[in-house]
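So that you can tell them apart, the chains are marked A, B, C and D in the order they are listed, and the count of residues begins at 1 in each.
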Amino acid sequence: MIIRPIKSEGLAHLSYLIGDGSKAAVIDPRRDCSCYLEMARAAGMEITHIFETHRNEDLISGAPILAGLTGARVLHGPNPARPVQYAQTARDGDCFAIGGDLTITAMETPGHTDDHLAYVIHDKGYPDGAVGVFTGDALFVGDVGRTDFYPERAEEVAGLLFDSLGKLLALGDQAIVYPAHGAGSVCGSGMASREFSTIGHERRNSPKLKITDRDAFIAAKLAETHYIPPYFATMERLNVEGADAMPRVTAPGVLNLADLDQLAPDWMIDIRSVTAFAGAHLPNALAIPVSMIPAFAGWFLDEDSRLILIADDMAQAQEAAVHLGRIGFDQILGTVTNMVGLAAKGRSFQSLPLVDAKTVSQRLDQRPEEWVLLDVRAQDEVEAEPMDGAEHIYIGHLRERFRSLDVTRHYTLMCASGARATVAAGWLQAHGFTKLDIFLGSMGAWKAFVAGSAS
Amino acid sequence: MIIRPIKSEGLAHLSYLIGDGSKAAVIDPRRDCSCYLEMARAAGMEITHIFETHRNEDLISGAPILAGLTGARVLHGPNPARPVQYAQTARDGDCFAIGGDLTITAMETPGHTDDHLAYVIHDKGYPDGAVGVFTGDALFVGDVGRTDFYPERAEEVAGLLFDSLGKLLALGDQAIVYPAHGAGSVCGSGMASREFSTIGHERRNSPKLKITDRDAFIAAKLAETHYIPPYFATMERLNVEGADAMPRVTAPGVLNLADLDQLAPDWMIDIRSVTAFAGAHLPNALAIPVSMIPAFAGWFLDEDSRLILIADDMAQAQEAAVHLGRIGFDQILGTVTNMVGLAAKGRSFQSLPLVDAKTVSQRLDQRPEEWVLLDVRAQDEVEAEPMDGAEHIYIGHLRERFRSLDVTRHYTLMCASGARATVAAGWLQAHGFTKLDIFLGSMGAWKAFVAGSAS
Amino acid sequence: MIIRPIKSEGLAHLSYLIGDGSKAAVIDPRRDCSCYLEMARAAGMEITHIFETHRNEDLISGAPILAGLTGARVLHGPNPARPVQYAQTARDGDCFAIGGDLTITAMETPGHTDDHLAYVIHDKGYPDGAVGVFTGDALFVGDVGRTDFYPERAEEVAGLLFDSLGKLLALGDQAIVYPAHGAGSVCGSGMASREFSTIGHERRNSPKLKITDRDAFIAAKLAETHYIPPYFATMERLNVEGADAMPRVTAPGVLNLADLDQLAPDWMIDIRSVTAFAGAHLPNALAIPVSMIPAFAGWFLDEDSRLILIADDMAQAQEAAVHLGRIGFDQILGTVTNMVGLAAKGRSFQSLPLVDAKTVSQRLDQRPEEWVLLDVRAQDEVEAEPMDGAEHIYIGHLRERFRSLDVTRHYTLMCASGARATVAAGWLQAHGFTKLDIFLGSMGAWKAFVAGSAS
Amino acid sequence: MIIRPIKSEGLAHLSYLIGDGSKAAVIDPRRDCSCYLEMARAAGMEITHIFETHRNEDLISGAPILAGLTGARVLHGPNPARPVQYAQTARDGDCFAIGGDLTITAMETPGHTDDHLAYVIHDKGYPDGAVGVFTGDALFVGDVGRTDFYPERAEEVAGLLFDSLGKLLALGDQAIVYPAHGAGSVCGSGMASREFSTIGHERRNSPKLKITDRDAFIAAKLAETHYIPPYFATMERLNVEGADAMPRVTAPGVLNLADLDQLAPDWMIDIRSVTAFAGAHLPNALAIPVSMIPAFAGWFLDEDSRLILIADDMAQAQEAAVHLGRIGFDQILGTVTNMVGLAAKGRSFQSLPLVDAKTVSQRLDQRPEEWVLLDVRAQDEVEAEPMDGAEHIYIGHLRERFRSLDVTRHYTLMCASGARATVAAGWLQAHGFTKLDIFLGSMGAWKAFVAGSAS
């Protein structure tokens, strides 16, 4: 019996191939799903079942695509908001034999979503107790799933999750936990960086699991702040209807200067690093460094946005295209990979100054009238470590709220490190703000500066 | 925190890279050990510690080599038969910080060997109870370590292992088990094919762990049969002194017909499949199909044997060279990869007939005087499923016992499937036996034949 | 400017990616054509043109598929037997700019086919004379194209090729030759193993190019023997209509014993080595070792044959599936990869004895009445090195001529080495012949034997 | 017969593996030379000869290392300045058989260096004329070798090269040219971007080869400007004595903030892009973007400089380490890969403003007193396209001439695109200059600006 996690970086999404050596199942496959079939066949296994723990809201499910490649059955939980068109319904206790030794049993675990299932792993040769459990978005290492998707039923679904976690704990301390997300996901805020744990270790250590009172748990969940980026709606639709496969070749086409002028994209996305964007970028380009695409592209782009990527090199552009494809942004017109070369052909460029803690400190002291320190961190970060003197707009809300800002003022953008601040600055610059700079190091640098000044 | 198992197929050896994202440790590295450093650095981690669970007897330790590449400390348990020259001694309770979040604590667990340590994993951020434990050769998934290495102290060391397992069980059900071997290893006979488990699941399911009486456990261990191939002695010496690194290029050189005649190897090893060897092979070549090298080459070759490999292709020859290098056979003079081409250049060849169950049944009925059905399975296989009418010599004992056989008689070799039978037949043919055939399918085919005849 | 040959082994087919750093063209792409686009984009180039030198008869063109992936224009020569539906027509002298520096000029070079074009490479910055030329199937290194595809116009087309070669020679000695096939292709019989040459070196060394008299050239071409396997008809149809893309995952599915019994394939193809097949194989399996698939599968299989592959391992099965897919055999039901394991589950098997030159010599001396030495080499091999005492049927003709053989007689199969003899023996065994053996080493071993006996 | 070019990007160095299918030779191997052996063995060939065209001055020869791995003979030309200790001497006409079909014949071709040999390729089966020739640094595609290494014998060696080129031309138009460098090398200034050509095409197109008068040729060579970076002296010594092998693992170790402070490197090298460096970098770091390392690191670093790399990611750091290793800079203490993260830990940073053509134009118009436009292009670029109003110091000379600059003035750095200008600005900033900016786009942008202003 083998189990292989397949991680999608950025989304921190974990899918799994599990099999007994002859037959195999895939749990929560992603859109670029040939890899599961290749891994299974290389190991001499046929994929017979595809299990979805819930209708994913943050990425495109590869289940219908992989089913098309393999003929495998797709199983999904009951009670989805809309029926999943490519799946059969699995219910609590339904047991699926994967080859001769392995069984997978569905366990209804609503709360994160109404249709949520965990899948319990048993080994027929060693049958006393579960070997492990695919916990989907109900239980993560160090955290539990978010329960903010039904705002009108907030208390109810938090309670449902409490009950579901009880069912998971009842599997016994020995059961290994295989969650659908690892650290960095937007599907939970307190995940451990560790991706291996057991029911027993979580029971003893996970902060939310230590809350044994149902009402206290509900209260704790209701006190959380989560954000819902607009692209989630697209994911939900596609994961009901079934999305198309990824392109066979994911590397974007290469554009020259003439292409760049003619193609009229909705957005040029500059996927280079924060400092590279700050140094020089094309006018009107948005900054979304490649590793930030999974978490932030969905806040700023529309489903059908026609995009050009500004990249350091083709490998980076290809990685970006894969990230974008996994969350449904397929309209990539091409890429340019040589910022210096563009300048040397006479293309104009812009910069964004990077400022340090000392500069910010001086400005805070002097309080120039037109100056604003704008903090784009999430609400819980701001509450945990407030930045005195800063205004706050969450980066994801900038698209709808930037018009409330005064284009004539001077904004210094900050976040925890300067990365999200750069994305924000890029957005503002592309919308007519001209007096912008970025606090590089941001809250981290500020704390070091304060500590240094104090000592 | 990440953990990556690195498996050496054939030996079924499991080593591990574990780290917190900045610093990392390696547990029981193999000889070809650049992979650990490459993986660590690709993940942005520096290897600071190398832990040996015990002095490996079945493969060359890469610990001194990896220490040379990294500057990391090597830790080894107390009480080795001879002091490990490249290691410092870790004792029960010694705790090693790996970066900021991860600690590894030594736990003395003698029994398999006197110097055996388990290493317990704790996550500082989630400190209640061990996350997991590297169990070395003390505890496997589905089995416990063998205790036959000190025959004069058999009861004592079996008892020591019982006590050590008690210490491991006391870590709690939640602890994940990371053993040094998976299914197929000669270091235990009943391992599960599954390579993931926990203390809790083992406690409830592993046959030997269910024996809660110390004397009963000792009795059960003493009733086991294990074999000690002669190359173990070389491994023990090298793993005290520290072996050399593998060659930079492991692919063997390609030989032509003239080379083949001039090089005078001690052995030509035919690493192709069972049926390919049976079809045609060079006179005096030994059959050791590539996947069988780790388990069986050490029975037939001497430490300094000069070898030529007969392969299907270069990829197969390279795989064989890696297998051989991991167990200390470095004198590979080269390879030839075209059996048909050799024949077409006039090279003579031999075959070995493959016979089926029906033929064996007829012979067993007729009992021709000079005919012997020779079973080369291990003792416990023979006891579990005896083959009436067969003589028995374990394949590993053939080298020292074949002279007791009658070279004028007709031997049909058998095992469980025909694979070891082919190795045995090749050995006998190379030593002057001329009336040989191989029971393809062997015990498996025989059971199907008997069942078919009965129905 | 870069040029990259992409070789399809077995078919010995050469296709090319050529570009100036920004734009690129592909010459004669194969069916599995994502590789061209990936290479081009990794090098920062866009594919704008796809050039076919002629309607390939021995493999599926990837031109329409690659056009679908890229939007590139497909160019094909005039006068095809049927209009190529996915291509535009290029005529003598048509010049195509590929980016800024590179031009490709069509040169009508009929003879091998009526629609044959060569494509001449010029570098704008170094314009005096062609840099090189894609010669398609008109000119190879060491040989010229075959001219047997229009038997009723044999003299005419041989003469056309003579004239076309004259046009190629007129490009000047400096032009590098980039042919569509290398050594081992069935599209020419005398190719050099070298894959790099120039017009000048070919002019001075290629046997057929040294014939400067047109009539003598025609006579030499008419004296050649070539074979046309039946699958060529399928290729011709697909390369007019445009074939489908290869499957996304080419590794075949893994079958178990039950699958094997239920699937009822048209053929089981044993793709393992000659000696492995001879040692043991499933009854009714055909022997087509994986490297021989491109040259020989098309003689024995029908376009819609439903196939199961018997392989050493999954890598070999995947390689076979790619070979089969390139020549249009897509109905691969799955693969089994463990011949010994099948036997150990009670599956019956067959063998084919391999005999050596001494045995054949003795039989030739004794001339047993029912014995036939059957030579399956090509006509030109037989003429060059006749085997006294043998009957001759070309391996490719066995399918239609085997019924003329006497199933009660004993056949020893031979060829040059024993490889094709094994394919032939497998075919005969699957069609009821029971007294068969294979002369391993065949003509090569025979010559060595005769030389050894003489000395 | 196969030939495989192995290109070292950046150095634009071309080495070759050539073989007949059984034996092989390597021409001008680089230091990281396992790849040749792996390629040869994968193709079933043994490397028997290693040929050096001359004592390389711009990179470390892998010949002695590869000889150690293979036992192959190393051949080098006569008349080296100092005897090459690991090589035997080959002289004009010495012919070496590589397997059965291939011969390599030495041809003395002094001029670039006194010991320079070309190696002529013949195919025994097609013997009329050379198939090709390894031209080393005597003849490139589009250019001929530089002849400035013996300044006191400038006319003599230019004449020697003229004579050597005559010998090469005499091989005939059909011979394929395989040079030791492609476009981008510092070993010639006018190379074509194309890497495939023939004697005939060069004869007809290469500017220097069109000069048929010996004196005119000498005059043309003497008019060239070349630079000799100081690391060449190290290369020359190592390529006489024989350098050590590369480390087995080339990825540098990862450093944390504490390491960074303690290690006290001679230089931090920021290998990120031009714009990333300009945006923010660590104080005192030098900018040498990874792709510029081969050409420029050798101007600024000393043989034993202890280095820390500032990189975007580990892949980039590893690439840099390979580049540095090929030219002898092995003292890489480690790398840091997160500039934003360093800032977020309170690390201070610097920026360098990027200015555009309009800004430069305004300054040129206004001529502020303390302002200098400093052009760091090579002499021939300056002569071909002078920038009015700029001072000129070649970037390679900055290390020895920067002290002549006035640290109180404001310097705007320029080159052709802004890349070398950034290297120069980084150097000056690390040496106390504080009023610096970089003309991004530089001469390219300037020409576009002037054209735009004029129109």
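Following the convention adopted for this analysis, a contact is a pair of C-beta atoms (placed from the backbone, for glycine too) under 8 Å apart; a residue touches a chain by one contact, two chains touch by 3 or more.
What you see is a predicted model, and the numbers here were worked out from it, not measured in a lab.
Same interface as C-D, judged by over half of the contact pairs sharing residue numbers, among the pairs A-D, A-B or B-C: A-B.
Of the two chain pairs shown, B-D and A-B, the one joined by more C-beta contacts is A-B. Averaging C-alpha coordinates per chain places the centre of chain A 42 Å away from that of chain B.
Mean C-alpha positions place chain B and chain D at a centre distance of 49 Å. Touching of two or more other chains is recorded for no residue of chain B. Partner chain C is touched in their complex by these residues of chain D: 1-3, 20-21, 101, 123, 125-129, 131-132, 142, 172-176, 192-201, 203-206.
Of all residues in chain C, only 22, 34, 37-38, 41-42, 44-46, 69, 245, 248-249, 251-254, 256, 314-315, 318, 337 touch chain A in the complex they form. Looking at the complex, you find that chain C touches chain B at residues 272-281, 312, 339-341, 343-349, 351, 353-354, 356-357, 416-419, 440-445, 447-449, 451-452.
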